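Structure record follows, encoded as structure tokens.
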Amino acid sequence: MSSRLLKTPMVPFPSRAIIPARDLDKPPILEVSRLGIDFGGLAAVDDFSIIIGRTEIAGLIGPNGAGKTTVFNLLTKVYQPSSGAILLDGKDTSGMNTVQINKAGIARTFQNIRLFSSLTVEDNVRIGLHNHLNSNVFFDIFRLPGYWKSERQAHQMTLELLSIFGMEHMIHYKAGSLPYGAQRRLEIVRALATKPKLLLLDEPAAGMNPSETEELMRNIIEIRDALGIAILLIEHDMKLVMGICEGIAVLNYGRIIAKGTAEEIQTNDEVIEAYLGEKKEA
Amino acid sequence: MLKVDDINVYYGSIHAIKGVSFEVEQGEIVTLIGANGAGKSTILKTVSGLLHPQTGSIHFAGQNIVNVPPHKIVSQGLAQCPEGRRIFLQMTVEENLEMGAYIRLRHEIRGAIADVYERFPRLKERRRQQAGTLSGGEQQMLAMGRALMSKPTLLMLDEPSMGLAPILVTQIFEIIKELNQAGTTILLVEQNAQMALSVAHRGYVLETGRIILTAPAADLLNNDKVRKAYLGG
Amino acid sequence: MGFLSYLISGISLGSIYAIIALGYTMVYGIAKMLNFAHGDVIMVGAYMSFMATAYIGWSPLASVVLAMAVCTLLGIIIERLAYKPLRNATSLAVLITAIGVSYFLQNIALLIWSSNPKSFTSIISLDSLRLFDGQLIISSVTLVTIAACIVIVYGLTMIVRYSKIGKAMRAVSEDKEAAQLMGIDVNQTISVTFAIGSGLAAVAGVLLCSAYPLLMPTVGAMPGIKAFTAAVFGGIGSIPGAMLGGILLGVIEILGKAYISTELSDAIVFSVLIIVLLVRPTGLLGKKISEKV
Amino acid sequence: MKKHRIFCIALTLVMSLAVLAGCGTSTQQSTAIKIGGIGPLTGGAATYGTSVANAAKLAVEEINALGGLQFELNFQDDEHDAEKSVNAYNTLKDWGMQVLCGTVTTTPGIAVSAEAYNDRIFTLTPSASSPKVVEGKDNIFQLCFTDPNQGIASAQYIADAVLGTKIAVIYNNADAYSTGIYEKFASEANDKNFAIVSVTTFTDDTATDFSVQLSEARNADADLVFLPIYYQPASLILTQADAMGYTPKFFGVDGMDGILTMENFNTDLAEGVMLLTPFAPDASDEKTVAFVQKYQERFGEIPNQFAADGYDVVYAIYEASKKAGIKGDMSAADICEKLIKVFTSSDFSVDGLTGENMTWSTSGEVSKAPKGMVIENGVYVGMQ
Amino acid sequence: MKKILKLKKDTRKNLITYGMIILAFLIVRFLSASGNISSAFRGQLVPICVYIVMAVSLNLTVGILGELSLGHAGFMSLGAFTGVIAAIILQGSVSNPLRLAIAMVLGAVIAGIAGLVVGVPALRLRGDYLAIVTLAFGEIIKNIINTLYVGIGENGFRISMVNAESLNLGERGTVIMNGPMGAVGIPKLATFASGFILIMVTLFIVLNLQNSRSGRAIMAVRDNRIAAESVGISVTRYKLMAFIISATLAGAAGALYALNFSTVVARKFDFNTSILILVFVVLGGMGNIRGSIIAATVLTVLPELLRAFNNYRMLLYAVILILVMLVSNNEQLKNMTKKFKGFFKIKRPSDLKGGTARE
């Protein structure tokens, strides 16, 4: 892919070439075209287009303030985009709000951890399971059979989900009292509990030491393999990004300046200039 | 210059800092490195008086500063550039700098501001702008500039590279070196251990509230244990 | 002419609300607390001025100075004893404490000055302004109240924008910890804010009782609540907002009485408030809260 | 968690105290008759309760000094609230109250009188003036005029003396007393020689600015403003009317009494104000002079109508008790029956500060003549 | 037996709460039957029950949902007057306990509807702005009820905003609500037993809600609104749910309250009463149901116990309130009382776990 083309993203949809080969025969999970938003005249994200395959692990990198988290907020409709279209699993998401987006299949974590910190680990996961439990407020208050059934189901699923990170023993701990790394992992578990098709991770390795990060990398791949979902992540830790992301997009000043595989990105002059600052070995 | 002796700090019932001692000599750059939650920021907050140690003593320029309120510690020449920059987003760039020199006299402020502008020309361009509109790198410069306004003899920097793109990180560390060469003693807390150790003279390694290792920075860079745990090597 | 005179009554009443609301807003801006005892500081100010003029025979101006001095001191003492120990507590805990302080002030006033109402002699003894052949009479108290409100708002804005302490207030209001690292004495700054707010409360008390000369231990309670409403109406934390909110509240109250119903005037005032907040969820001049995600 | 424990201990303490308070009472029988009093001593209406409490205390002291029948007074605060009033009532019951002087205000009065009716405790209220207080309760009596009576009397007075033809009314529509008088006054006005041209209201929450109400009265060309309200808002109305140069006649009811003695009030403003009141502190009769002097010496304030009511209540009970031969060791129920009999007997009348020859009907209402007063040179002068 | 011991911590906590209420009820019943209880305390039993329900229901809004409400007494007011109207209309047609039950249910329903009407727009606001709207709502209710005349007579049920006469009730009509005079001649239907039942129902609803899918959703909204939305929880729906349930319970409590006194006025349910209930909640601990119950009881009884201090009564109350707030919220003072407390305290691992959650 020539760098000239990347600089002027005239094509609404980027080449499908960055989708992993195994996903090529299936419709992509996410197609974003020419997404944009401005805050008070300042274009925070502009002309953002991307395609993510069914089981792809994709990365979004770029300097601070480049608009990476804003992209997540647009995808999850925390902000309503001022232009562009987002197709999730082939369905148009315009007019949806955050809640509907989640029900439609996108779950996310947050850069600054947002757990329900006064509640237990179990409750956090169970809240994630909310829309997959068959109970309602009358069952709940009057403790009808529906309540007991859904609680049992919730407990079972919670244990299963927590086992991904081996956190079952923490089930009764308060989420706010967990160590930093465990909080990040719990946030991922909670997001997975909503049974997403696409998982957005905002700096999942922040605050982790290298060995923890390495474990996280393995976990992310395991999750993808076990659940067959796509993952889009924002990360500053290049080792993680380059290590597991099959497709990477680089954002600068709200625009995509490069897209491609890890090797392509690492050798892209513009990326190096804007972001890496110096040439780095993988 | 700064001598921290066997301090213990608690957050409620959590024993955050366990008997930590270290020293910073005049003219040095000393760095504290460690994973998130190791207690690095807690130590800085304790030194600058925002937190109080249960036991132990902290001497700055020969004086015990335990239980001295933070605003008085500043006037003794100890400034801290806090984690996350913490600039006053709704004030202008120049007002932010003025706040940095809150303890100085009016006539001293003008000169100090000129010095900061000289070091950070970008800030001069944006002097009338609201600090909230600055980019991340500019905000970090402003935070450092603001800390310098009190003309500190010891400057404590808490995670100056946090959230910055690699290219800016390099710039920031250049500035740190320059400041040190201009005579300011620096106590640096960093997660980016590689960078921190490359500019520092000496380093302390923290793990869960304890200092587990101390050595000249170059030695730490080559220490296997450190490399494995913090440098990803 | 009726409308004009109602409007002026409204602005006059509103100016008093505005001065009280300024105290709420300043304290809220810096300490993030609703000081529900503020209305009762007003009452203390009014009693002080009353005692000085009626018992000691001081001049009205001197009595205002005394009232301000006492209230300023009172504000500082209340802050030190009741609120400062709760600096790290939840805002609700401070709110309840403030309510405790309010009960305390009312009941201590009851013991000192008894429950018998006293008639307050207006501290302003100038002649009324007569316009349009005496069809429109504007009392001197009204004029002084409105003028005082304007002067106070202007003065406060200048202090907050340009003075050293004003800048410190803004810094503390944004980030207490960072302000401390700048060498700003946060406790002192908060004390000064309380002092200013309470001093203003004294002025408000004297003006309130000059315009409506009835003095009782509960005299500050209702204006206090109305002014709190006004502060939120205008956008709590904003100085011009407090002025705008206060004056609008006064005007709506009087015009609602005049043109809709005297029986339902409170319902009208509060309904307008609700409607405005639904349209502008952070008040008229309040800053939009943008949550960082 | 921690907070819990403190509370648990506190709760146990409170419970046991509350329960223990029940024991130990009613064992001790003194010979003095225990009179309970209830009224607001704190809060916005504190001035009324305090006046009654003070005067009742004075009366009890005087009576006890006479030797003979002895009284013991226990006056409890109700914050002008029905719930607190019933609490106060129950506290007094635990104390062994035999006769109740109270309550001072109407709403609590209705709640308490229902209790006292069930418990058969004789009650004479000094100032709870709604007919609802006594209605259907044979052992509850009023010493003050009822509100409708004041409304009727005011209308009568204004009509008879032709005080005005166009009447404006300003009343407190959040207050039972004020509304009660106004409603009767309005219905009475239908066949009188005057017309009500403007009716405006205020509440305790809006009792500051009266410019609208006064302007409406003036725009309607009212030559008399009827103020069935208490003297505190009335003082504001007079001040503001003066400031706007509006000078109609003002006519008040018994709640207006107190305006002249309000500390620091400029009595010039009240010049020419007319009111119906059973009591005037500067009346020259011996009783009033003595009472006002004693009260002022003792409490440093000039007594108002509420104080006079409280004083009269104690004396009325005293007179009736003497007549009925009541002793301190009788049960409350016995005392109640005896006092009802005396109060409703045709030959029982009391001369008090608030009226000569006060008598009571079986319904519990008092019969006494209201005095029309006009303020001249800062003092009340009989209006004739 | 073993099973009970193995119950989850939450369930055990709830059983203790129920047990505490039942025990208190039985003790009072026993003492009452044996004549060992003062009139003053007996007279307060129903109000105590009412305030407990008010505090628990407000805790649902303030503690569990995390939104400050300064107008809870407004819902109580609606419940009170609705209950009174129902009770008077039904006079003679049904038995007293049934009449009370119907009055409470109707009061609850009307208050619940008001909760919906206020909640839909108000819950879009946050923090202090929501608080002021609830305050405004309470004041509006008070103002309107003060001008409302309701009666039943030969023309049936009538409402007017002019005066009682305009109701045209005829000779044998009854004025139920008489403007500022409020409702008079209310049958005293409330009993301690009914108060006890209402508390149990309230606890049943609130505690069951708290430990369920819906309740967790409500707490999720409190802890982190944005995160709650991100996992597919409709914030408006659950805010509204909590708010309406809270209003409904307050309405039932209001009806019980009104039917305990022969008169009730709108003024009773003003801002100060809302604040009073908020004090119970804050003092008892946010989200802590048992705390609310205890605080409501203690603070309702306290002013009565202070009667011995006469004129200094309310002053002392204020001082106690301030001191309790200082002691329970100030770190240093807390530490000072720690030793004293340690005497009573059994250390539980769960306390330590919760310890790091520090703002």
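Structure notes:
Each chain carries a letter (A, B, C, D and E) given by its place in the written order, and its residues are counted from 1.
Throughout what follows, a residue touches a chain if its C-beta (ideal position, glycine included) is under 8 Å from a C-beta of that chain, and two chains touch if they have at least 3 such contacts.
Here the structure is a predicted model, which means the values were calculated and not measured.
Compared with chain E, the chain whose C-alpha mean position is the greatest distance off is B. When chain pairs are compared by their number of contacting C-beta pairs, D-E comes first.
On a Cα centroid basis, the chain most remote from chain A in this structure is D.
One inter-chain figure worth recording: chain A and chain E are separated by 43 Å, centre to centre, where each centre is the mean of the chain's CA atoms. If you average the Cα atoms of chain D and of chain E, the two centres end up 33 Å apart. The centroid of the Cα atoms in chain A and the matching centroid in chain D are 73 Å apart.
Chain A and chain C have CA centres that are 49 Å apart. Contact of a single residue of chain D with at least two other chains is seen at positions 41-42, 173, 203-205. The multi-chain contact residues of chain E, meaning those touching 2 or more other chains, are 139, 143, 146-147, 226, 311, 314, 328, 355-356. In chain C, the residues touching two or more other chains are 107, 110, 263, 266, 293.
Against chain B, in their complex, chain C makes its touches with residues 164, 167-168, 170-171, 174-175, 177-186.
Every residue of chain E that touches chain C in the complex is listed here, in rising order: 62, 68, 121-122, 124-126, 128-129, 132-133, 135-137, 139-140, 142-144, 146-147, 226, 271, 275, 278-279, 282-283, 286, 311-312, 314-315, 317-319, 321-322, 325-326, 328-333.
Across the complex, chain E meets chain D through its residues 24, 31, 36-44, 47, 139, 143, 146-147, 163-165, 179-182, 184-185, 188, 257, 261-268, 284-285, 288, 290-291, 294-295, 297-298, 301-305, 307, 311, 313-314, 328, 334, 341, 344-345, 348, 351.
Residues 9, 204-205, 208-209, 212-217, 219-220, 223-224, 226-235, 241, 287, 350, 353-357 of chain E are the ones touching chain A in the complex.
Chain contact summary for the complex, chain C toward chain D: residues 2, 5-6, 9, 13, 50, 54, 107, 110, 114-121, 128, 134, 137, 139, 141, 208, 211-214, 216-218, 221-223, 253-254, 257-258, 262-263, 265-266.
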